[in-house]
Every structure is written in C-alpha cells, then in structure tokens.
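One chain, subunit A, appears in both complexes that follow, with subunit B as partner in the first and subunit C in the second.
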Partner chain A sequence: MRELSADDIEALAVGAWILGTGGGGSPYHGLLNMRRLYDEGLRVTLMDPQALADGDDVAVVSYMGAPLVTQERLVDSRMTARSVEVMEEYIGRKFRAVMAIEIGGGNAMQPLMAAAHLKIPVVDADAMGRAYPEAQMTTFAVGDLAPAPLTSIDPRGNEVIVSRAATWKWMERTSRKVCTEFGSIAATCKAPRTGAEVKRWGIPYTTTKAINLGKAVMDANRRHEDPIAAILKAERGKRLLAGKVVEVERRTTEGFLRGRAVLESDGRETIVLDFQNEWTVAWHDGRPLASTPELICVLDSDSGEAIGTEMVRYGQRVTVIVLPSPEIFLTPRGLQNVGPRAFGHDIDFRSVFSS
Partner chain B sequence: MRELSADDIEALAVGAWILGTGGGGSPYHGLLNMRRLYDEGLRVTLMDPQALADGDDVAVVSYMGAPLVTQERLVDSRMTARSVEVMEEYIGRKFRAVMAIEIGGGNAMQPLMAAAHLKIPVVDADAMGRAYPEAQMTTFAVGDLAPAPLTSIDPRGNEVIVSRAATWKWMERTSRKVCTEFGSIAATCKAPRTGAEVKRWGIPYTTTKAINLGKAVMDANRRHEDPIAAILKAERGKRLLAGKVVEVERRTTEGFLRGRAVLESDGRETIVLDFQNEWTVAWHDGRPLASTPELICVLDSDSGEAIGTEMVRYGQRVTVIVLPSPEIFLTPRGLQNVGPRAFGHDIDFRSVFSS
Partner chain C sequence: MKRIGIDVGGTNTDAVLINDGRVDGAVKASTTADVTGGILAAMRALRAQSGDGADVDAVLVGTTHFINAVIQRKQLHKVAAIRIGAPATTALPPFCDWPRDLAHLVDGGIWMIEGGHDYDGRRFMPLNVTQVREAAREIRRRGLAYAAVTAMFSPLDPSDEDAVAAILQEEVPGISVTCSHMLGGIGVLERENAALLNAALIALARDTVKGFEEAMRSSGIDAPLFITQNDGTVAAAAHAVALPVYSFASGPTNSMRGGAYLSSLQEAVVADVGGTTTDFGHLQNGFPRQANTVVHIGGVRTLFRMPDLISIGLGGGSLVDTEKMTIGPQSVGFRLTQEALVFGGTQLTGTDIAVAAGLLDIGERQRVAHLPAALIKGALRRAQAMVEEHVDRIKTAAGGVTLLAVGGGAFLIPDRLEGVDRVIRTEHGGCANAVGAAIAQVSGDVDQVFQDLSRTEAVAKARALADERAVEAGADASTLSLVEAEDIPIAYLPGNALRVRVKVVGDINSRQGSTPNARDVRHQHA
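What follows is the complex of A and B.
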C-alpha cells in the first residue's frame, strides 16, 4: 500500500493513453479532476492485489460510451463515486477497494476518482491490460465470472441496475443501450469481484506499469532522448514503422468509432490500420502485419505521445509500435473474446514477437 | 374481495380490448394463459381498492413494447410474476396485491397472471382507464408520484432495474430502450404504489368496468341484439359514424406503431383517424371531431369487437364510437400528459359530450 504522488498521476495519464492503443479516450479530463482533488487535499493509495483477502469486495469502475462525448460533457469524479455507492446500496455491503476495468485510456483514472471520494484504496490491477471496446473483452469474461450486476449513472439523476444478464454479450448489449440513451456516456460500476477473483483473474500491477511507462516517456523528453525507444525498452515492444498519415476514414456506428487510417512509411510502403475505438489490425498489401490482442500503438514520432483514433489526422508524423499482450488473451478462450475475429476480421492471430 | 370466474375473465378480454382504443395489444394471448392457469386449478381474486391499508405495497405490472411482437414471442405468465419477484427482492418487501397500469388491451390480463402465480389479489383499478402508449401517460404521473424503481425482464434471463429516473419522461426513455434491446417486448413491474397512493390516484373499479363491458357485448351477441348499442348504453358513449375503411397507412417508428386510417362514412363523408399505438384524433375536413383523452374506439359493425390499429385493414365495415375519459385526464395537468398536444397534434381538446 503506497500513496500515489501527484507526479505518479501525471505519469499515469501519459502511460495509460499509450496503453489505450488508440481508444479508451484521453485521460486528460480525468487528470484535471485528479489535480483538483489533490489540490483539495484528497489522496489516493495504491494497493497490491495480493493484499486483498479472498472475501473482500472490490468495485470495478469505468466510464462507458463514446470518448468524444466527454469533450462536451466533462468527466465528473462524483459520478463515478456515485456508481459505486449505488452498487453498495444494491448489494448491501461496502467495498474494500476499487479497481479499473481497463488501464488503457481515460478509464485508468476512474478508480482514482472514486477512491478519492470514497476513501478506499485503488487495486493495482485491471482486466484488460490495455483498452478494449466491449464488456465481454476482459479477463473476467475469459474466466467466465458473473457478468452482473452493473450500475449505470447519468448526471441528471438517472440510475439503472442491470441485475442479471444471460451472458457477457447480453450485459454488453443491455448496458450499451442504457448508456446510449443517457447521452452516449455513463459512469458504470461493473460486477463486483471478490479478492479471490481479482487475484485469480485480474492482470496485476498494470497501474504501476502505466505509471512507469509514462515516466519513461516524460524522462526521455526531459533529457531530449528518443521517447519511443524508451517505451520499447520499458515494455519490450517492437517498432513496426515510422511514416505519415495520408488518409483517415472515420464513422460512428452502433455506439463505436470505426474506420481506418492509411499511413505511408518512410520506405514508401502503404500500411492500413483498422480500428473499432482501438486499433485492431495493421495491414500491408492485404496481409496482416500485427493485430489484437497485441497492442498496436500509434505515437507522435517526436513526443512519443499516443494518438487516439478520434484524433488521428492527415499529415501527422507517426510511429507505430506493437506491445505484448497479457498471456491470458493468447489462450484459445482469450482469442475468442479479443482476437481478430472478435472484431470481424477473418484472420488468425500471429504474434509479431514470434517471427 | 371476490373470486373471478372463468366467464369474468372471458368478458374481461372482450371489454379490455374495446377500452384499448385500438392499442394495448389484443388480450387474446393473456386470455389463453389464464384459461390454462384456471384449468390447472389456480384462481384469482379481485380486491376493492378501498380495502387496501394506506401502508400496503401494491405491484403495478404491464408488458411494455410492441404488441405485434407477442404474436411471435408469446406472452408468458411466469415472466410477469418474475418481474414482481425481482421488485420484491429489490425493495425487500412482499406485495399485498397487484394491479394493472392500463386496463385497455392485453395489459388488463397481466395482473391476473402475476396474481395467479404469486397468490395475491388483483386490485380493481388501473392508472389509465384505457390504453396509452407512454409511461408518463398515467394518473400516477399526473399525481407526480415517484417514477422509479421499475424492473424489466426478458425470457432469456436478462433483468434490469431502473432504480432512479430524473422525470417520468426519463423513465419512459430509459425503460423503452431496455425493452427495445430485449426484443421490443419486456415484462415490467412499475414503481410500487402504497395503498394510500392507489386510493388517491388510481382509477377505481376499471377491472369490473371492463368485465361488464365485455359481458354487455357477449350478451347482446347471444341475443342477436346490436352489441354497439349495448356498449354505448353501458358506457354512456356516443356513436361518431359507421362506414368502411378505404385506406390504411402504418409505420413502426421509435418503438411505436404510428399512422392513420381513412374511413368513408355511410353518408359519404371522409373521416381520418390518426394513431400512435392508440387512436388519437378523428378528423373531418381538417377539423377534429374527437380526440384523446376521450376514448376513440373502432369496432366491427357486426360483432362489436374492437379492431386494433395493427389489424385495421381495407374494406372492413366499422363503427367509430367515443367513450368518456376519466375526469382526472380532463384537468390541465391531465391534458398536458395525455391531451392531443402530448401526441404532437396542435389542437385544443374539446369533448364530444359537451357539444
């Protein structure tokens, strides 16, 4: 158990945005919330998942919806805390701690906001190790844990509890529709997990990983060294290409941001990057170069900062890197939930690290 | 408190369909369920609302969604009972009785099915006195009672609790989206009402009214008398016209069945009937002849049976009658919720009974 410093949280925002692999929304608004809460004297502590008792109750939080909407309806730290309180009222127990469902993007910040208000620690773990667009794309779903209950909250005072879901996919469908009606963004508290479940199925130490990743980038920039080299070293990643964005195609469909970006590499080759919120597959001449569940990250070639699928635009100089996936998503059941076919691409997954 | 006979329930199906004013869905599938439950030896008792203690909890049930869907996914009496059980689990109390939100159409049968399974009585009352398409179109909304909580159930095992709603309109929006995702039909248990609330805001004795109306039609047919005259006498209604359906326009939009039927009266006049699930306004030469909240009923000219807006078709010989509205909907607040403007028609309500 250690108290997070203000610097840790700044680094978390940078690292989480990289782990967002283009999606998950920028952590920037969450960061602004956390700066304010720290200015007000609130503090957040980070808890080792191994310190959880098997019977502890852990709240799992996230903002659900279209990240773009948060540019109009700002992230409100009290809403996330409220989603946890509604869950406590529903299950009739208090939570020992709170954790992120996804460490990639803005949702890395959500447990911190809830923790600051509720004065409970944040567990150093998540259930994606990155960002993914759908509710069944988690280690908890791979582990076949219960998908329900879930609470969903909007700022007007509307609150919904999905008390039972036939499957994870049904939880996704039902909660997505509620979120859409709430204005395409909702604060949610996912199915509570026991300490035993978090220890068995959570991906440990991803908060620390994101903080360290962010620090590597910030330190490299401070020393005028190559930030991308620092990322690749910290995460044992692989550089796919450097080049220029020459075309972007983007459409908002069924609550997701879908499309593709076309890049021209410095060696004059054309690379296509598909996305569904997150980058899913990198193509060259119709053949996949890299794909989910490995993390495809598009970074500003100078600063090493992540570029979101909603922000990528013509003319940007970018470097595309690939970071390793958590082991659990490389299993048959993992690939079923988050492999290329889960995103509609009829190709087998092949690791860029095995070639 | 009296036990309903099998004949009462047959009559209820006929009377409720007339009070549906074209919407609410046919009570036929509900009737089939009740015949089966009565064959199995279950019985339902009807309770005078005045017999409720102020502090009694009353469950308010309905099927929500597109009536047409029930022709593929049959009404299941256990689903309605389950929606009540989920509400009991949520509020932590058992219900004293169950009542209909709308006595018009198939929802007149819903409390009977729940009552048969749960072995509690049905309160002889509802909150519409007819059928209306939206959640805020009830006496409970006119009385500004709390719109939440609501439970919504599908046959796959999905269950949602709308635990808080900013307004009645928000309850309508949120629960409608859930229902749409469940396949455009869901069994719902609306916000529980106390005995005091039912006595103050419910419309009393509408179950008995529907039974008597159905009996009047069935008796007249048995005696080869005019069933429509029997309805007008029982309900102090007014005959608007008799004629033939010459045109029907129907579209399913935003979860509702909208459109218009054009009738040619026996006097060669052209009458247009608009509908949103229920018949809303009758027009002649662009002037309103009759409108909601008064009950516009389109009946088969021979049998006196109601014709639903989803069933009306070219060539039918019909008689259009108007029945009086419950007093509460004629107040300014009532008209705001269910008057012509609530259905998008920019006209003032004028009673056919005052002219």
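What follows is the complex of A and C.
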C-alpha cells in the first residue's frame, strides 16, 4: 500500500494515454479533476492486488459514452464516487477497494477519482491492460464472471441499476441504452468483483505500469533523451517502424471510428495500420505484422506522446511500437473476445515477440 | 482604389500603400510601446515615399498587440465567468486549467448556473433565471465591467448564452459580455477559455483601436479603419473591438495572404522568415489552412479557428553556434543592427552567414570575410535541413510543392530543396504582412442550428444571415461570394435539425467606414 504523489498522477495520465493504443479518450479532464482534489488535500493510496482477501468486495468503475459529449459534459469525481455508493446500497456491503476496468485512456483516472472521495484504496490492476471499445472485451468476460449488476449515474439525479444481464453482450446493450438516454455519458460502477476474482482474472500492476511508462517519457524528455527508447526499455516492447504518416482514411460506422493510416519509414518501407477506435492490426505487404491483443501504440517520435486515431494526420513523425499482451488474452477464450477476428479481421493472431 | 496596409509586429511596424492593386510604397519602422508612435513613424516614411494620404480609401491594420498582452500578462481586465451547465461540469470550473498567474489577473468571480443543452439538441436543464439574476446583481455589486458566458453545447443551441447576456445587460448597465458560441466549437473548457480571454482584452482592444484612429488623424488620413483577423479577412474597427481574440494570429495570416497576392499563387507552402522565427503555413485557395486542434495561447488551451502553423527558431537574427554547427533558436532579435558582425557587433547571426555567402548585401561585408567557407556552408546546410523538414511537416500530401519564401529573412531559404518543386520569391516579399493587411476582404460567418426547414431553405437562410453579418462588419453587399458551406444533420432532435456553417467574403465598403451599425455585434457591445 503506498500513497500516490501528484507526480505519479501526472505520469499516470501520460502512460494511460499510451496504453490507450490510439483510443480510450484523453485522460486530460480526469487529470484536471485529480489535480483539484489533491489541491484540496485529498489523497489516494495504491494497493497490491495480492493484499486483497478472497472475500473482499472490489468496485470496478468507468465512464461510458461518446468522446464528443465528454468535451461538453466533462467528468466529475463525485459522480464516479456516487456510482460506487449506489452499488454499495444495492448489494448491502461496503467495498474494500476500487479498480479500473480499462487502464488505457481516460478511464485510468476513474478509480482514483472515486477513491479520493470514498477513502478506500485503488487496486493496482485492471481488466483490459489497455483500451477496448466494448464491455465484453475484458478479462472478466473471458473468465465468464457475472456481468451484473451495474449502476449508471447522471448528474441530474437519475440513477439506474441493471440488476441482471443474460450475457456480457446483453449488459453492453442494456447499459449503452441507458447511457444514450442520459445524453451519451454516464458514470458507471460495473459488476462488483471479489478479491479472489481480481487475483485470478484481473491484470495485475497495470496502474504501476502506466505510471512507469509516463515517468519514462517525462524523464527522457527532461534529460533530452529518446523517450521511445525509454518506453521500450521500461516495457520490453518492440519497435515496428519509425517514419511518417503518408495517408489517413477515416469513417464512422456503427458508432465506431474506423479507418486506416499508412506510414512510411525513412528507408521507404511502408506499413498500414487499421483501427476501430483503437489500433487493431499492422500490415506489411498485405501480411499481418502485429495485431490485437498485443498493444500497437503510435507515438510522436520526438516527444513520445501517444497519437490517437482521431488525431493522426499526414506528415506526423511517428514511431510504432508493440507492447506485450496480458497472458489471459492469449488463451483461445481470450483471443475469441479480443483477437483480430473480434474486430472483423479474418487472420490468426501471431505474436511479434515469438519470432 | 488606394489602401494603406499596416502590420504592427513585436519588433517592426511595416506599412504599404497599394494603389489599384500595385504596391506604390513599402516601409518599415520600429514598433513603439504605445503602438501609435510606430504607426506615425511608418506613415511619415510612407508619405515621404509616395506622397500624402489624403485620398486614401481605407486603412487596414494587423496587430500582434492582443496576443502579446496575454503572453506578457499585461493590460488584462477582470472578468465575471458565467458557466451554464450545472449540475454537470462543476467539477472543472472556469480557469481550472489556466496558468495560475494569468488566472489571478483575469478571474473576477465564478458563477455556475443550471441550464444548457445536450449533443442532440435536447435541453440538459432549464435555464435557472433566478440564479442568473442573482449572479448579475452580485457582478454589479463587485463593479465588474466584463463578463464571459459559456453554456453547455452552445455551438448547437446558443439560446441560453443569449438569454444570460440579455439579463446581464439589463441588470449591469454598461457591461460588456462575450458569448462563447461566437468564438468556438465543441469543447466547453477550450471555448470558455477563448471567451474569457476575449472579455479580458476588450478594454485594450478599444484603447488600441483608438490609438490607431488617432495616428491616422495625426497623419492627415480620413478613411475608414479595418482590423485584420485570424482567417485573413478584416472587420470594421468598431466591430473588431468586440472580438480581439479574432486578431490573435493576424501576423502570420497576413504574411501568407500577402504572399499569395504578390505571387498570384493560390496553393503553396509559405515560409515567413523573420528576425527570430520562421512560420510555416499552407495556402489553400489563397487562404491559410486552418488548424483543427487545440491551440495554446499564453498557456491557455483554446480551439480557435487559427491558421495551421509551425514556428521554429530560425531567422535573420538567429545565433550560429560554431561548435555544434547549429543556427537558432537563440536570436539577437531587434538588436540585429547593433549586434550582428556586419553591423560592427560581436554576434555571429544568420544575416552574417548570408552576407558572407553573397546571398545578401547589407552592413559591411569585410567584417565577415574571415569566416571559414566550411562554417558558412555548414550553417546554410543546417538552415536548409530545418526548412526541408518543416515544409514536409506542414504539407498535407506527399509529392513536391511550391514554396513561397517571404519575410525579411527569406534569404536563408535556398532555391533548391528536397520535396519542393520550386521556390518563389516576390518583390516586396519583406513586407508581405502589410500587403496581406492591405488587400484583405471582409467576411461573414454563420455556424448555427436550423429547425423545421428543408436543407436548401436552411442553407439559404444561413447564407442570408452571413451576408448580413458581412455587411455589418464592413463589406460591400454587391461583392459578396460564398467561400465555405457545410451542413451536418443532428440526430434525435424534433423537426429535422440541421447544423449549417457558411462563410462569405466581399470587398470592403470604403463608403460605410467604421461607423458601426446599431445591431453590430449582438450582446457584445459595451
């Protein structure tokens, strides 16, 4: 158990954006919210998942909704905390701790925001290890854990509990409907997990991983060193290509941002990156080079800052790196939920780290 | 038609006289702290060059004065910040992402009130008029003269901002109100930041424009005054004083527009090389391409419609490091004529290298005769590499481009560059910024949601409104033409809601002059 410093939280925002693998929404608003809470004297502690007792209850939080709406409605730590309180009222027990469902992007900040108000620790773990667009794309779904209940909160005093869902897909559909009615944004507390479940199915130490990534980038920039090299060293990653963006194509279909970016190295080698909110597959000469569930990250070659699929554009100097996937997603069940076929690519997953 | 174009930069005040499209005079003077002095000096020099200005039809001025006030934290006023969107958004109140020193200067109090809309046009909460009235009375008690009003999703439905502005004007006589929907798109914090900065600058804008008018009077010129804006167009001075943030990027914009005019190019990458920096931009249809990302002004995040620019530390005054063989970003700036070697100084600058290489003939050439050939070559090659890299970054597609080199330091740009088909230089390119001001047209913008109309009717209505706004801003109605139009359907809103964006431009109406129309700037006049 350790108290997070203000610097840790700054680094978390940088690292979480990298782990967003092109999506997940910017952590900027959550960071602003946390800065204010720290200025007011509130503090957050980080807890090792191994310190959880099997019978402990852990709250799992995230914001749901459209990034465009977040730009106007913003985030609010009191709403995140409220989603947890409503869950406590419903299940009739107090939570031992709170954790993230998604360490990639803006949702990395959510457990900290709840924890600051509720005075409980944040578990150093999540259920994606990155960002993914849908609720069933988690290790908890891979583990076939219960998808319900879920609480969904709107600031005008509307609170909804989804008490049962037949499958994770049904939970996604039902909770998405509620979210749309609220204005396409809601603070949610997902199905509570026991300490045993978190230890068995959670991805451990991803908060620390994001903080370390962010620190590697910030330290390298401060020392005028190569931030990409620092990231690769910190996370045993692999550099796919350094070059520039020569073509970008985007379309919005079924509520997702889909498209592709073409990158060219200085040696005139090209790779094509497909995305669906997040980067999904990297191609070279029509053959897959890397794919989900491994993390494809596109970074500004100078600053090491992540470049989102919404912001990528011609002429940017970028480096594409691949970071290892959590073990759970490499199982047949895991690949079924988040492998390339879950994103409509009829290819088998092959790790870039196996060769 | 005779027009005088003036660009008031941080270092130099440039002025040109354009007579029926021909540059008849071009001069440079030093900018003075009061702005007026520099303009007076420039006008005197211009008169010496091309006769008296009695028959001038219009004076068009671009200035970096407002953006510099933000950057230097000077001459800013306290603003009442009113946010409409509670109970949402309150965790991140106005000024929450501002640098502390700037917030301290501008924050006159924060009021967060129920109201606002959602993304689909539905109401988020009814506007709490009682809270608005209470806030207005408190603002009056505190003696605040400037307010910024920002409502959730106001770019889609500005009615709450308009209603609050009306109440403020009723309750607080003489208050000047900036509504955020006039200044930006989706992104409540960034749009609010623009509104707050704008409100803080209105007093300075009024004083500055008054100074311009006095300088013109003292110079014996009786012609309407126009101020240039970020998008390369101008607005009548009386109109422009209400929206100073619209003039933030007028320096680089005017250089690009002036370059387009002097070269007759509509499509090109422009490199504007000054004393300390080079700005790279991209001309499309003769106008600068606009950035679609966050723009930081003095440490504040905004989403202005600003030209997409890359600035690097390379210019005529850039210092050359002979050991590392680099040039810039440090510069002698406006002290060039004292500190550069060719002027008898002790600093090795980009200008010295250019003189030594025979690219330029100013100062005393023998003072750089001792520089080794390898050093000259190395420094120029470094400048070339910097230019090549950034030309490539600013262009939007692979392939060669035309590069237009303007500004006083354009000699640093070589004629042959990787990724560039040809380099174009023009006569008077050193005063491209003042030329850009002189030739500017007037625009009218509309970005609004229309309901219960067919697509054709909605676009026509937006066009009519844009025409009306352009005329109010000083355009000649008979010359208006459409330059931008797009319409975006909005789901879930009763009555076929359509968001329409339209922009028209026309020539300035020199007969109307700077007399404002009574309806000039809705809710923004003092």
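By definition in this document, the second predicted complex is superposed on the first by the 354 of 355 C-alpha atoms of A that agree within 3 Å, B and C clash if a C-alpha of one lies under 4 Å from a C-alpha of the other, contacts with A are read in each partner's own complex, and residues count from 1 in each chain.
Methods note: contacts are C-beta pairs under 8 Å (C-beta built on N, C-alpha and C of every residue); 3 or more make two chains touch, one makes a residue touch a chain.
What you see is a predicted model; the values in this text were computed from it and never measured.
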{"item": "Partner chain(s) touched by A:Ala13 [first = subunit B, second = subunit C, both, neither]", "value": "neither"}
{"item": "Touched partner set for A:Ala97, first subunit B, second subunit C, both or neither", "value": "neither"}
{"item": "Touched partner set for A:Asp76, first subunit B, second subunit C, both or neither", "value": "second"}
{"item": "First (subunit B), second (subunit C), both or neither touched by A:Arg36", "value": "second"}
{"item": "Contacts of A:Arg156 with subunit B and subunit C, given as first, second, both or neither", "value": "both"}
{"item": "Touching partner for A:Lys177 - first (subunit B), second (subunit C), both, neither", "value": "first"}
{"item": "First, second, both or neither for A:Cys189, with subunit B first and subunit C second", "value": "neither"}
{"item": "Residues on subunit A lying within both footprints (that of subunit B and that of subunit C)", "value": "156"}
{"item": "Interface residues, subunit B side, partner subunit A - complex", "value": "86, 90, 148, 151, 156-166, 170, 173-174, 177-178, 180-182"}
{"item": "Complex contacts: residues of subunit A adjacent to subunit C", "value": "29, 32-33, 36, 66, 68-69, 71-78, 155-156, 183-184, 244, 246, 311, 314-317"}
{"item": "In the complex with subunit A, residue positions of subunit C that touch it", "value": "85, 87-92, 96-97, 118-120, 122, 124-125, 152-153, 186-189, 293, 392-398"}
